[in-house]
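A, B and C label the chains in the order they appear, each numbered from 1.
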Amino acid sequence: MTYKVKLEAFEGPLDLLLHLINRLEIDIYDIPMSELTSQYIEHLHAMRVLELDELSEYLVLAATLIEIKSKMLLPVHEGDVLDHHNDYEMEDDPRDELVARLIEYKKYKEAANSLKESAEDRSVHFTKLPEDLSDYGEIAVTESDEKMNVFDLIGAFQKMLERKKLRSPLSASILRSELSVSEKMDDIMTKLEKIGGKCPFESLFEDGDVNDLVVTFLSLLELMKRLDITVIQEGNFGQMIVFAGQEDI
Amino acid sequence: MENVNERILGMLESFLFIAGDDGLTLGQLSVLLSLDAEMTAVTVERLRLNYEERLDSGITLRLYGGSYRLVTKAEYADDILRMLENPSKSSITQASLEVLAIIAYKQPVTRVEIDDLRGVKSDGPIQTLVAKGLIMEKGRLESSGRPILYGTTDLFLDRFGLESIEMLPPLIEVDDEPFGDADLFMTKFQEAFELMDEGGNND
Amino acid sequence: MENVNERILGMLESFLFIAGDDGLTLGQLSVLLSLDAEMTAVTVERLRLNYEERLDSGITLRLYGGSYRLVTKAEYADDILRMLENPSKSSITQASLEVLAIIAYKQPVTRVEIDDLRGVKSDGPIQTLVAKGLIMEKGRLESSGRPILYGTTDLFLDRFGLESIEMLPPLIEVDDEPFGDADLFMTKFQEAFELMDEGGNND
């Protein structure tokens, strides 16, 4: 089976190795080195999108794998072998270091996943902005003459970016859910009726935020399409007047 | 009045809590709670009464200029003012730290730019930081009003243990996506047109 | 526990309300309430229990990174997201998460140790994490080259909902369980293939 896997799907050579061990259902404490090595190298070939910098890291591990494999092929001196059933169970199994690395890496990889969950749990709790009482004073965050560090600055900056999100968007979404083109169309018609059937185009855009303006504009287009209103401009760059009903041009 | 749903009350409180200073109008609350105006008003009043009746509550609800807002109860005003008194001259507040961060990374920078970034007025913190000698005037912008440009001082470097301003760790505004009004406008437009294309009623 | 003064509870709530996102430490609260640390802790816990017990309460109390703050209850998250226009979750890459996990558990730790553990260079993720305010320099190792030692910040504790660094869940020892998490592996696999299908840059 050959397949191409994009490199970015792996966080590095150890990650790739863990992936292979899982896929091949290998016992990590008794890794068949030749199989793993050949699979690893096959994978490297399949990965087309390698940046040179990253490639070198993958190659370093490939070299390590080959080294371990060859060590295991060397005949074992009689005297080194302890009274065990398994031939490879020596004082120093050449795989030991690699296995230890893999286990250590896997530990933190799992910790990363649990951190991700913590962040998700945290993200369902929203907080409010501190009250702006700058006319009266502010709450101090440091005690007396404490030495500050630049990382406090970065923290403050990031916190501020976070707050900006909390501050601005609130009204926009609520307004949007309150406005609709059809409602606005009714509004415009009512307004026109009230003020004698015509009004300057601009006067319809006097208040409201971006959402309002868009909805107003779209409502006008729709009303024109339905011939409920007519818009007349008196010459180039002249004032545009909105009339209720059809008006002779 | 008594059979206002507990969950609705909780939801209402959480909305008002997040909305903060801006508050929310009856109309907005009605949309958010999916209740008609009358029932919304009843729910809001229930929440207000709860606050007023509970002696262990430090906050209550007020209607200012058409918006409902959570505020601290008047009886704690003095305690809060006590909290705001700066205990020591050399201490620094969160607001000041924010302003200092902006000036350190964006210098030279005007007060208006700082206000824009923070979304609140920064006169107070700027004054404090000047008084503490952490920032100073670094000239004026050659535009109308010739606003003051602020930058950090040597004392700032000293206090933050920096050899030079270049030693500040880089700051990437990862989460600060460009999402200006113009973009918002275009997005809305497109959304609206798509809705219209689908056949009329945009609701 | 039951004889916590009602007025003190109200005062505490009003302080926390004012402080908002900044929160207040046990030390600050102790000064503000004129109570000793132990009694302050008892009062804070009473307030938290009140919030948790009251079904009509939309807010509750949390300790993140040493600061107590009022937050909305989890059950209203969806309703609040509906209210917020652009609730972009700050995204963090898998690589950054791995580096962050290593730093969180092994701090203070050097870049070289992190690189060794992961088998890849971690400069990029480290820089991003510093810029995001999640990690910071915690001094230098007294050896050749005096490499920087990294540790996590209070903002990290806040963003990941941890009271303190001691509250990190213990690392799972791999020995205890059969190696090979088939599900995790399948996910990874599928992700990889999906990425291929899209044929584009995965960034």
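Just so we're on the same page, a residue touches a chain if its C-beta (ideal position, glycine included) is under 8 Å from a C-beta of that chain, and two chains touch if they have at least 3 such contacts.
Bear in mind the structure is a predicted one, so any value in this text is a computation, not a measurement.
J.: Can you tell me which chain lies farthest from chain C, using the average of the Cα atoms as each chain's centre?
T.: For chain C, the chain whose C-alpha mean is farthest off is B.
J.: Tell me, please, which two chains come out on top when C-beta pairs in contact are counted per chain pair.
T.: Top of the contact-pair ranking: A-C.
J.: Per the centroid of Cα atoms for each chain, what is the distance between chain A and chain B, given in Å?
T.: Between these chains, centre-to-centre, one finds 24 Å.
J.: Determine the centre-to-centre distance between chain A and chain C, using the mean Cα coordinates as centres, and give it in whole Å.
T.: 17
J.: Identify all positions of chain B at which a residue touches two or more other chains, and write them in rising order.
T.: In chain B, 14, 17-18, 20, 32, 80, 83, 87, 94, 169, 171, 175 touch at least two other chains.
J.: Give the residues of chain A touching no fewer than two other chains, as numbers and ranges.
T.: 126, 128-131, 133, 139, 141, 149, 151, 154, 157-159, 162-163, 166, 170, 172, 174
J.: Over in the complex, which chain C residues touch chain A? Could you list them?
T.: 17-22, 24, 28, 60, 62, 64, 69-74, 77, 80, 82-90, 92, 94-95, 97-98, 100-102, 104-105, 117-121, 130-133, 136-137, 153-155, 158-162, 169, 171-175, 179-182, 184-185, 188-189, 191-193, 195-196, 202-203
J.: Using the touch definition up top, name the residues of chain A that touch chain B in the complex.
T.: Interface residues on the chain A side: 126, 128-145, 147-154, 156-164, 166-168, 170-172, 174, 176-178, 180-182, 210-211, 213-215, 218, 222.
J.: For the complex, give me every residue of chain A touching chain C.
T.: Its residues touching chain C are 3-6, 8-15, 19, 21-23, 25-29, 53-54, 57, 61, 101, 103-116, 118-119, 121-131, 133, 139, 141, 149, 151, 154-155, 157-159, 162-163, 165-166, 169-170, 172-174.
J.: Applying the document's contact rule, which stretches of chain C touch chain B when the two form their complex?
T.: Answer in residue numbers: 6-7, 9-18, 20, 22, 31-32, 50, 55-59, 70, 72-73, 75-76, 79-80, 82-84, 86, 88, 90, 127-128, 130-132, 137.
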